[in-house]
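I've put the structures underneath this note.
You will see two complexes here that share subunit A, one where it goes with subunit B and one where it goes with subunit C.
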Partner chain A sequence: MKKHVSMVRFSEHISDILSYGGLVLCIVVFSILSQGRLFNAYNIKILVQAVCVYAIMAMGAIFIYSMGYMDISVGSQVGVYCILCIVVTNKTGSLLAGFLTILALSLICGLINGYVAVMLGLPSIVTSIFLMSIFGGAQLLIMEKLAINSISIEYDMTFFKSTEFMIFVIVVIALISIYLYNYTQLGEYVKSIGANELATSYSGVKTVKWKVLAYVFFGICVAVGAFMLTARTGSAGQGTGTGYAMDIMVALLLGGMPLSGGMKSKMSSSLIGSFTYVILSNGLNLAGVKVEYSYVIKAVVFLAVILVTCRKKDGVLPR
Partner chain B sequence: MKLKKMVALGLAAVMSVSLLAGCGSSSDSDSASTDGTEGTKVETKHHKIGVGLYTDQGQSVEAIHAYLDGIQDVIDCEFQYVTLSTYDEATNLSLVQDLISSGCEGIIMTADMGTNSILAECESAGVYTAGFLCDFNQSYATAHDEVFGNEYFLGTVCDGYAVPTKYGEMVAEKVAEAGYKNIGVLTFPSWAYPNQAEVDAAFRAKLKELNPEANVYDTVELQFSPLEETYLSEHPEMDCLFSVAAGASFVYPILVGAGKTDIALYTTGFEATDDIENFGTNGNGCFKGAMCSAAETIVYPLCLLIDKLNGTQYADLPEVSERVDCEPYIILSNEDMDKMQKTLTCTLDMADAVFSGEDVLNMCASYNSEATYAGLVEAMSKTGLN
Partner chain C sequence: MGEILLEVKKMNKKYGPIVALKDVDLTISRGEVHGLVGENGSGKSTITSIAAGMQPRTSGEMIFLGEEWNPSSMIEAQHNGLSMILQEANTIPGCTVAENLFAGRENEFAKWGFVNSKKMNKAADEILDKFGITHMRGKDPIDQFGFEDRKLIEIARAVDDKTEILVVDETTTALSLEGRQILYKLMDDMIKRNKAVIFISHDMDEILEKCTILTVLRDGEIRGVLNEDEIKSVQSLGTIRQLMVGRDIGDKFFRGDFDSGHLDEVALEFSNVSGPNVKEFNLQLHKGEIVGIGGLSGCGMHEVGKMGFGMENIDKGHVRSGGHEISSAKEATDNKIGYISKNRDTEALILQGSIDTNITMASLADISKAGFISPKKKAKLAKEQIDLLEIKCKSGKQWVNTLSGGNKQKVSFAKWIAKGSEIVIMDCPTRGVDIGVKQAMYELINQMKCEGKAILMISEELSELIGMSDRLIIMKDSKISKEFTRSESLSESDVIEYMI
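This part shows the complex of A and B:
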């Protein structure tokens, strides 16, 4: 009997074990294959820099994925935000003006994603496709208007791209996210919506309100992530942000986030997943693995995690 | 169900480990062959060079790999490859950081995207960079001092001519000679590739001079996607198409699909597939022209990096880094194609390379005191078909 109980407990926590185990395995394997380079000071610095943007956006995305939803417009949004931040900063000479512009825009997008989808009775994926097309087009139009391939910021970003500042931002966003997710109604209800939206609604919870709030918080995280990306590269172009929607999804899944959301969702998935994803890419390069093999290895790892974390019997795709 | 998942997971893990193990053994074999450099007469210093290519597939990439594999033992360098993005700065910065972290002392880049931040990173890490198959036009026009004036950027060799009007004029001569009457021109967007607009302008000017009767349609910019088939129906009388934008990939399949392979196609790029089989009098004869640069032009950044890492430099090295021309493979006749098929770019055989490993050592100031920068630049003019 005791053996059976312990087996049940083990299976309940298998996704946690695998996500932490995956990170530990990546660290162990790549520290051996890279002959210790994984832990040199320079590499730790670049790992933090690479993780920063993913982690910030993934922490916001947790609120969306917990509801069983997803947002594929992130990449296009990031691209436009980076370009706008640079354009506004260069025009006004004020970095704050640049940041506030993209923050305002991200809040509007959050409202569209959350509120409009509910009002029109559309699945959230539809509004995010709509936003992806709008932002993708806007990104191309702005760059064509500027008639250059890439635009550089004329503000000194040395402070904002320092590793210390990046760690500071990650910690601040993590504290806010953990608080909202674990100690407020927002976190409780987004998980509840993911587990059973109808039951949540019948129990008197105004699901529309919490959905909108979740998307708004995600929007803020995207804006902060875009700002940090701008600080890191100092430039943006027509392809900036490409692939971020998929990268964040992969990072969350590697962190043990169930595709269908619900009560098993955890904030730790965002940080664990972001680090695993970045260490996987970084470690493969450090180990000198050929590009063609690295694609296969990433795919195999991704598939392995999906097999374990998808727990719904009635399908694996998010709503 | 759980059992199935665990079995699948186990198999996936086995696949991963097998792949990693395979990569590891390949690396061992490389290092073993590196030890066998008895043929090298000069005493060389070992260096690790990162190579960031603009794509991970295609004939050019295979040729670059074949060439560097062929010379690495002689020049005592090992190479680590990454695939750069031509549109995302952050990706390129991360990849360059990975190369630095993995011990690369120098980096050769084929894309000008995020160059400022990459150079700042390289400067702080004491790693030198140089360009190849890339004119760094964006940096040249908008950040010349920051990039070309940066001591950690050693210069670049273009993909063909830095001022490409000559190529446009050569194609115009062939088109005029063949007597084509209705000609279309395709380019990539001018904001991304301003040089292609120069090729287009030179082509039009020369063709107007040689055949004023020829009708050249307005240029259509391909947005990095295949040609729309409607373009062909809008110009049913078109008998020639000059695609400055990778015609083998973006145009030829559309011509085949529309049954329009009777249109003469002059294009940049070389894939060594359809463009050989259907060139000139071969196959359907659709391809009348192709153009690409030799993999061996990587010698330019390589020599600059090796010298810098060895603490030596040419006596005539210019103070500000340069972008230099290379003589591209311009294939405009059956004879040209015959010659092309004997190049390393086509055969992937080191025996067909323009420069051997020993040649490379001789071009480095640190291994040959008589080597000059002028000699290195001149060598780039010997990479064409003639």
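This part shows the complex of A and C:
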């Protein structure tokens, strides 16, 4: 009987064990493979810079994934935001104007993602494909009008790309996300929408309103993430943002986030997952693995995680 | 006693941890109408559905016509002589009467893969004539007929010359007197031809009249078998009830009083409400009043409940509470209306969520202070309900999908008690709940009435409607067909008349 109970405990926490264990394993393995270079001062700076963008967007994405939805328009959104931020900043000379422009745009996207899907009775993935195409087109169009391959910011970004500032932003967004997710109606409702949307609305909850709010918060996180990416790279072009939507999904899965959302979702998945993903990429690089092989290794790791966490009943794949 | 047709030995059936049948032994012999009685969930339909090939057993043995019996489908069972008429409507919409009659047997009329529909229609007409059904023809589309006629088609489909055992599972509830006569005639005919009938019904009168042997079930176990003499004896009804319930439930099972009084204030008002499957529905539900709504499953009563909670569109008319129009679940809950859904697992509960989450789901806005929800406050609110309703669980963190049906239902009640709802609409509040919890529910509902709460109880179980309601509204074909006031003399047969 006792054994049975401990088995139950184990299976309940399997995704926790795997995600934390995965992170620890990554750290240990790559510390050894890179002969300690993983944690020298220079590399830590690189890690923080890389984690920053992923973590900020992943924390916002948790709200969407908790509902069992996903947003694949993030990549092209990020691309357009980065370019627009630079264009507006260069035109007006004000970084704030640049940031506010992309923030406003991201809020509009949040509203579209939330409302349009509900009003037209479409699954959210459809509106997100729609937005992905629109933004992808916009990105190409803007770059074509600018008639250059990449555009650089003419504002002094030294402060904004300092490691201290990046850590500060991660902490602020983390505190806000944790509060919203664990101690407010928004957090409770996104989880219950993911677990059973019908029962949630039968409890007198206006699910549309909370869906839109979740998308709006995600939008803010994407805007902040795009801003940090701009600060980090100082420039943007046609390829900016590519792959971010999938990277975030992979990071969340590595962090133990169920793709079907629901009550098992946890905010910690975003941070754990982002760190694991970044250390995995960075560590492979440091260990001298060629880029083309590192993709294969990442794919294998990804598949392994999915196999262990999803192939059980009540697993984490979308319904 | 005639030759043994079907023998069930030590049969068990489990659904996960839930035991539906426990070591059941049953023998069906030629020439008998074998009655199965028991409360809902006692295992009557489980036995017959396993015998008819609808689901597999967990363990045990069945012997039919002297051979090992393991039907893999209803069609296979029917082909070999064991047919079943189901509780639920089971005709295929969009097809003709003949296509329904010969569903799964089209091959008999097929050549080169094409069905000869003329031949099939003709064969259908012959069968219908044999049953004395003259108003339906093989070529007619099934959709133009009502619930009862479709039931007759099912009956005609279930029986042919090869049928050795016919299972009649709560079919009569759906039938009018005429339809019942057709069914009774068929049962008599089966007996005359030395076949057997397994008869499941909640109507004790017909059970006592028709059965030659009676098996009583409770909680998946056989509690007693009555032979023909015992069935016909005077005290048989008392014996059967005692066996069914297992203890003397006394008079306090439902409400003890027959006072239909209530407060004057109207809590919820339907005025001339029309919508999907509901026509011109009027009702004033008062504080401290229990209004029951009964009818057959397609009569529109479930829609009325959803309309009262703002979850069903209203084409005409108004639903109001305290001067406010109710047109969404949010408005309903803001006006202290609660709704316990019939579809517990899909509409009322988040199965993949904790008891705490479920109980507090409707109250989060109330306990949040400046947007902050204190986890302590949340756990306390849930704990109070767990204690109050005696929900059996390890802690509030336990997931609802691990609870039994009765405790699940308690959680969906608790959600609205925690919210402090003054008006509670309950759709089939005791569906799939064992008798102990049922009694607790009735006590709770009565207590809510005494506290001045208004209760709209929609149910498919006549006994609880009659036993609990101050006023009982019967619906038929989307309309109110009759209203009864609480009285000791009201019987189920008085009520059924207005349902069908």
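Heads up, the rule we're going with is that the second predicted complex is superposed on the first by the 309 of 319 C-alpha atoms of A that agree within 3 Å, B and C clash if a C-alpha of one lies under 4 Å from a C-alpha of the other, contacts with A are read in each partner's own complex, and residues count from 1 in each chain.
Just so we're on the same page, contacts are C-beta pairs under 8 Å (C-beta built on N, C-alpha and C of every residue); 3 or more make two chains touch, one makes a residue touch a chain.
These numbers come from a predicted model, not from an experiment.
S.K.: Based on the superposition on subunit A, does the combination of subunit B and subunit C result in a clash or a fit?
M.R.: fit
S.K.: Look at A:Glu144 in the shared chain and tell me whether it touches subunit B only, subunit C only, both, or neither; answer first, second, both or neither.
M.R.: first
S.K.: Going by the contact rule stated at the top, is it subunit B or subunit C that touches a larger number of residues on subunit A?
M.R.: With both complexes superposed on chain A, more residues of subunit A are touched by B.
S.K.: Does the superposition put A:Asn285 against subunit B (first), subunit C (second), both, or neither?
M.R.: first
S.K.: For A:Met263 in the superposed arrangement: first (subunit B), second (subunit C), both or neither?
M.R.: second
S.K.: Closest pair of CA atoms, one in subunit B and one in subunit C, after superposing: how far apart in Å?
M.R.: Scanning every C-alpha pair, the shortest subunit B to subunit C distance is 16 Å.
S.K.: Could you pull out which residues of subunit A sit against subunit B in one structure and against subunit C in the other?
M.R.: Overlap of subunit B and subunit C footprints on subunit A: empty.
S.K.: Can you list the residues on subunit A that touch subunit B in the complex?
M.R.: Counting only subunit A, the residues touching subunit B are 11, 29, 33-34, 37, 40, 42-43, 46, 49-50, 53, 143-144, 146-150, 152, 229, 232-243, 281-282, 285-293, 296-297, 300-301, 303-304, 307-308.
S.K.: Name, in rising order, each residue of subunit B that touches subunit A in their complex.
M.R.: Touch residues, subunit B against subunit A: 2, 5, 8-9, 12-13, 15-16, 19-20, 22-24, 26-27, 56, 80-83, 85-90, 93-95, 97-103, 112-114, 116-117, 120, 125, 138, 142-143, 189, 191-192.
S.K.: Taking the complex as given, what residues does subunit C use to touch subunit A?
M.R.: Going through subunit C, the ones touching subunit A are 309, 311, 328-330, 332-334, 339, 341, 346-354, 357, 361-362, 364-365, 368, 371-375, 415.
S.K.: Going by the contact rule set out above, which residues of subunit A touch subunit C in the complex?
M.R.: By the definition above, subunit A touches subunit C via 182-185, 188-189, 191-192, 195-196, 198-206, 262-264, 314.
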